[in-house]
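What follows is a pair of complexes built around chain A, which joins chain B in one and chain C in the other.
Here is the complex of A and B:
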C-alpha cells in the first residue's frame, strides 16, 4: 500500500484530495447539521454569507451550506448505487453472454443493443411525465441502472469472447478447472481494471443525468440533490437577484466532484500502465 | 490402457468434416508411442478425441475410444469412454498442448498456475510444503525456484515449455498426451525437453503419446510409431522396424526426406502414392 502512494502520479493525489473533500462534505457533515436544512424559513431569507450562515441563505429561508451537504450526500449515494449495480450486472451478464455463447448470448446481446440504442434522458423525461411530473430518487436510480448496465456488459462480453479462444483458457479447461473457476481466476483479472474505470465513469453519468433531470424540474423536489438545488435557485431568480453563492455552490460542487473522479480514474490507469511497463 | 476402435472423428454441427477416418489403435501402459504425419493429417484431432475434450465442436461419428485406469485411492479399475474422462483430467491423464508461447496465463505467476491445475489430493499439504515440492520437481528440469515467482513473459520459450511439461508431469499421471511439445524451439532445447520427458516416463512407468511431424524426434525416443496420412493410420509398428523397413510409400517419403550426413537425401517426391 505504501509503494502504491509513493510512486503515484500527481493527478492521483489531487483527485483523491478532491474526492476526500467531497466525501467529508457529503458524507460526514450532514450528520452535524443543526436541523433539517430542507425546512423552509428555518433561517432568515436572502442572507449573504456571514459567520452564522457560511454560504448565506436561500429565498426560501434555508441555510445554503447545510443544504449543500445534504445535496452532495444524496447525489453521491445515487451515483455510487447506480454505478455499483450497473457494473455488477453488466460484468456478470457480459461474462455470461461472452463465455457461454449460444442462445443466452443472443438473448442478452439483443437486450444490450436495444437498450444502448435508446437515448436515456428523453426516456427519463417521458417517464417523469408519466409519473405526474416528478420522479422519486429510487426510481431515477433504477432507470439509470437499466440504461447503464449494457455499456459494461457489451465490453465485457467482447473481452470474454476473445478470452475463450486463448490457449491458456483451454489449458485451464484441460486441467479440469470448472467454468466458474476459469471465469473468476483467468478471465476476471482481465476486466477488473477496466471495470474500475467504468465504475467511476458511471458514477459521473449517474450524477450528471439526475442533475440534468432535476434542473428541468423532473426529479424529486422533496429531496435535496445538487440538481434540485440548482432548480430552486433558478426558479427564484437567484442569478438576477445576485445570489451567486446559492446557485454557484452546487455547480462548483458538481464540477469539483467530476474533476476529482476523472483525476482518480486517469491517475489509476496511469498507475497500472506504469506497473505494466516495469518488468 | 486406451483402446481406439474403428473411430471416425470430425468437426461441424451442420455438416460433418472428417478429420480422423476409421482409426484403430491400442495404447498400452509403460510405453512411448509416437504419432507422425503432416499438418492436417488428424494427429491433434485424434489426441483431442483420446483426451476427451469435445468442447471445440469435435464429434465422434462412429467407433469408440475406451480407457481403463486404476483409481489411485481405491485401487479399483475404472473403464469408461473418453467423453467421460473429464474427472480424470490432470489426475490420470494430462495434456501438453501445442504452442508454448500462449499456453500460460500472462497475468498469473508460475506457482499459482502449477497449483491451480492440481487435483484435490495433491493440494492437501500446506502451501509452503507444496511450494517446496514443486520447487524440487522443477529443479529436476533445470529450473530455479525463483521461476515460481515469475510471470510467463519473464521466461524464455524453452523455460516456458519446461514449466508446461513440469505442470503436466507433476501430478504423476498414468498417461501424458504431448501435442508437438517442442515446436518453435531450437534443437538443443528440444533435445533437452525430450530427454526430460523420456526420463519422466521411465521413472513413472506410465505412457507417453508424442505427436510430432519431426521423424528425427520419433527415432530418438519412441518405442512404437504410428504414421498418419489424410486422417488414416497408414502404418504402425515398432519404431526401429518402421525405420528399417517402411511399408507405405508415404512413410518411405517421410524417411527419405530426413537430412543425411552423407550422400544425397531423396527429395524427389512429397506425399503418399508418389
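Here is the complex of A and C:
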C-alpha cells in the first residue's frame, strides 16, 4: 500500500483545492468589491471582525477582507506572468542550447550557471534603493524573469542533450521529419510534465521574492500585494495595537497559497516521474 | 592530473561568473533616472552634517569611484573592479561617517555567518535523523504525520515564518526578545547566553523551513535505498537496523543533499536578510536595510557587492567539491 501523502493524485487534488480557494478569493471576489479597498477611510477605522467587516478594518480605515482579495489578485497575477515568461524563455533557450550544441550551447550554459549563482534579492534591493525607494511591479516582474529562466533552461537542455542520442529521434530524423516537428512532437512531451511542475514552482518563487521585497517596504506602494499588506500592517503598528487579524490574514493567505502551489508542483513532478518509469 | 585540469576549468568559470556579477552590479546604478552621486551629496547636506569643501570633494570622488562614474566607460569599469576586487575598499559609510564601510561589514559578517551556519547545521542533523527514521518505515503512522508536517513547513518562506514566530513568541507570549540586544563583557558566560537567547527565534525561522525539506528528501531517498541490493545484503548478513541506517544508507543519502545545498544557499541567504531585518539582528541584512533607509550608497554598494560575491563563491565551492565526493564520477 502506498503512503497517503506520497500518493501523487491525493497531493495534487489537495493542492488544487487550496489553489482553487485562492483563485476564487483573488480572481473572482475583487470584481464584487464595493469600492477600491486601497482608499483610506473608506470604512470606519480599527473595527474588529464583524458581519459588516468580515476581517475587521485597518487603522487607516480600509476593509481588510477586500484589501486581501486585491492583494491576492495582484500577487497571483505577478507570479503567473513571471512564471509564464520564465518558462517560455527557459524552454526555448534550453532546447536551443541542447539541440544546437557548439558555441551557442557554451554561451547559453554560462549565462544559466552565472545567473543561478547570483542572489536575486540583493540585486532587487539595490535597484529599489537607487530608484527612489520603491520598485514598480512590472520592473520587479521583469527582474524576476531574468533570474528565473535558467532553472527550466538547464533542465530542458539536459533532456534535449540525451534526446539527441535516442533511437526514435534518429528514426524520425531519417524518415524526413523537420527539426521543429521533432521538437514539438517527440521532445516536447518529455519535458511537458516537468515544465508544468517548474512553472508552478516559479509562480511560488516569484510571489515569494516580491513579497520579501515588499515586507521591508521596497516594492510598489501603488498596488496592494500580499507582501505590501504585511508591510503596512507592521508599519502602522498592527501588532502593538493587538490587531492580529489585520496582519494575520495576509500571512495565512501566503501560507495556504504556497502549500497549495508546492503540493501541485510536487504532485505533478511525481506523476510525470511515474509516467517516465512506466514508459 | 585530470583532477587538476577539472579544478582549473571550474576556477575559470568561477572567475567569469564573478566578472559577470560585477558587470551586473556595475550597470544597475546606470539604469536609474537620477544621478546617485549628487542625490547622495544633497542628502548628506540636508542632514546638517558640516563638511568643508575639501571633504565634500573627497566624498564625491569616493562616490564617483564606487558607482564608477568618472572617465570613459572602460576607465569607469576598471576603477569599479579595482575598488571591489583588488582593494576591497568601498570608501567611508555616509550615515556613520567616517567609519569605513569594510569595518561595518566585518562587524556584521560573523552574525550572518553564525546564524546561517548554525541553523543549517541544526536543520541538517535534525532533518537527516527524522528523515532516516521515517524513511525506514515509510508507511507507519508516525512517519506519515512527520512527512505531512514537513510538507506544510517547507513551502513557507523564511520571512513569513520569522514573522509568525515573532508574533507568537514576542507579542502574544512574551518569551523571547522582540529586538536583538546583546549584553555582557567579551567572552563572558552572560554574553554567550545573550547571543543564544537573541538568536533563537531568527535561527528557528531558518531551521524549520530547511528541516522540512530535509525530511521530505531524506525520507524519499531512504525508502528507495533500503530496497537496494546492498541494503538487503546487509540485512541478510544480520546487521542491526541502526548499523544499516548509519553505515549503509546514510552515506548514500548524503550526496544529493550537497546539490540541494548549492541550489538553496542563495535562497537561504535571501531569507536570512529579511529575517535579520524583522528581528533587528545585527548582521548583513540589517546593514543593507540601514543603508537603504539612510540612503547610504557607499554602504549599500559594499554590502550588496559583497553578498553577491559571497553567495556566488559559496555556490561555486559546493559545485566544485561535489564531483570530488561522488565516487561514481570519474575525472577524465
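Keep in mind that, in the parts below, the second predicted complex is superposed on the first by the 260 of 279 C-alpha atoms of A that agree within 3 Å, B and C clash if a C-alpha of one lies under 4 Å from a C-alpha of the other, contacts with A are read in each partner's own complex, and residues count from 1 in each chain.
Please note the rule applied: contacts are C-beta pairs under 8 Å (C-beta built on N, C-alpha and C of every residue); 3 or more make two chains touch, one makes a residue touch a chain.
Note that the structure is predicted; figures quoted are calculated from it, not measured.
Undergrad: After lining both complexes up on chain A, report clash or fit for chain B versus chain C.
TA: Superposition check on chain A shows chain B and chain C fit without a clash.
Undergrad: Report for A:177: first if it touches chain B alone, second if chain C alone, otherwise both or neither.
TA: First partner only.
Undergrad: On the chain A superposition, what angle, as a multiple of 10 degrees, is formed at chain A by the C-alpha centres of chain B and chain C?
TA: The three centres form an angle at chain A of 100 degrees.
Undergrad: Kindly classify A:262 by the partners it touches after superposition: chain B alone (first), chain C alone (second), both, or neither?
TA: In the superposed model, A:262 contacts chain C only, not chain B.
Undergrad: Between chain C and chain B, which one touches more residues of chain A when both complexes sit on the common chain A?
TA: C
Undergrad: For A:168 in the superposed arrangement: first (chain B), second (chain C), both or neither?
TA: In the superposition, A:168 touches chain B alone.
Undergrad: By the touch definition at the top of the document, which applies to A:186: first (chain B), second (chain C), both, or neither?
TA: First partner only, chain B.
Undergrad: What is the minimum C-alpha distance, in Å, between chain B and chain C after the two complexes are superposed on chain A?
TA: Closest C-alpha pair between chain B and chain C: 20 Å.
Undergrad: Provide the residue numbers of chain A that touch chain B in the complex, in ascending order.
TA: 166-168, 170-177, 185-186, 189-190, 279
Undergrad: Which bits of chain B are touching chain A when the two form their complex?
TA: So the residues of chain B in touch with chain A come to 51, 53, 55, 86-87, 89-91, 94-95, 97, 99, 102-108, 116-117, 119, 154, 167.
Undergrad: Which chain C residues qualify as touching chain A in the complex?
TA: Residue positions touching the partner: 13, 16-17, 20-21, 24-25, 28-29, 31-34, 36, 138-139, 144, 147-148, 151-152, 154-157, 159-160, 163-164, 167, 171-172, 220, 263, 266, 269-271, 273-274, 277-278, 288-289, 291-292, 295, 297, 300-301, 303-304, 307-308, 311-312, 315-316.
Undergrad: Going by the contact rule set out above, which residues of chain A touch chain C in the complex?
TA: By the definition above, chain A touches chain C via 1, 3-6, 110-111, 113-114, 116-123, 125-133, 204, 208-209, 211-212, 215-216, 218, 230, 239, 244, 247-248, 251, 254-255, 258-259, 261-263, 266.
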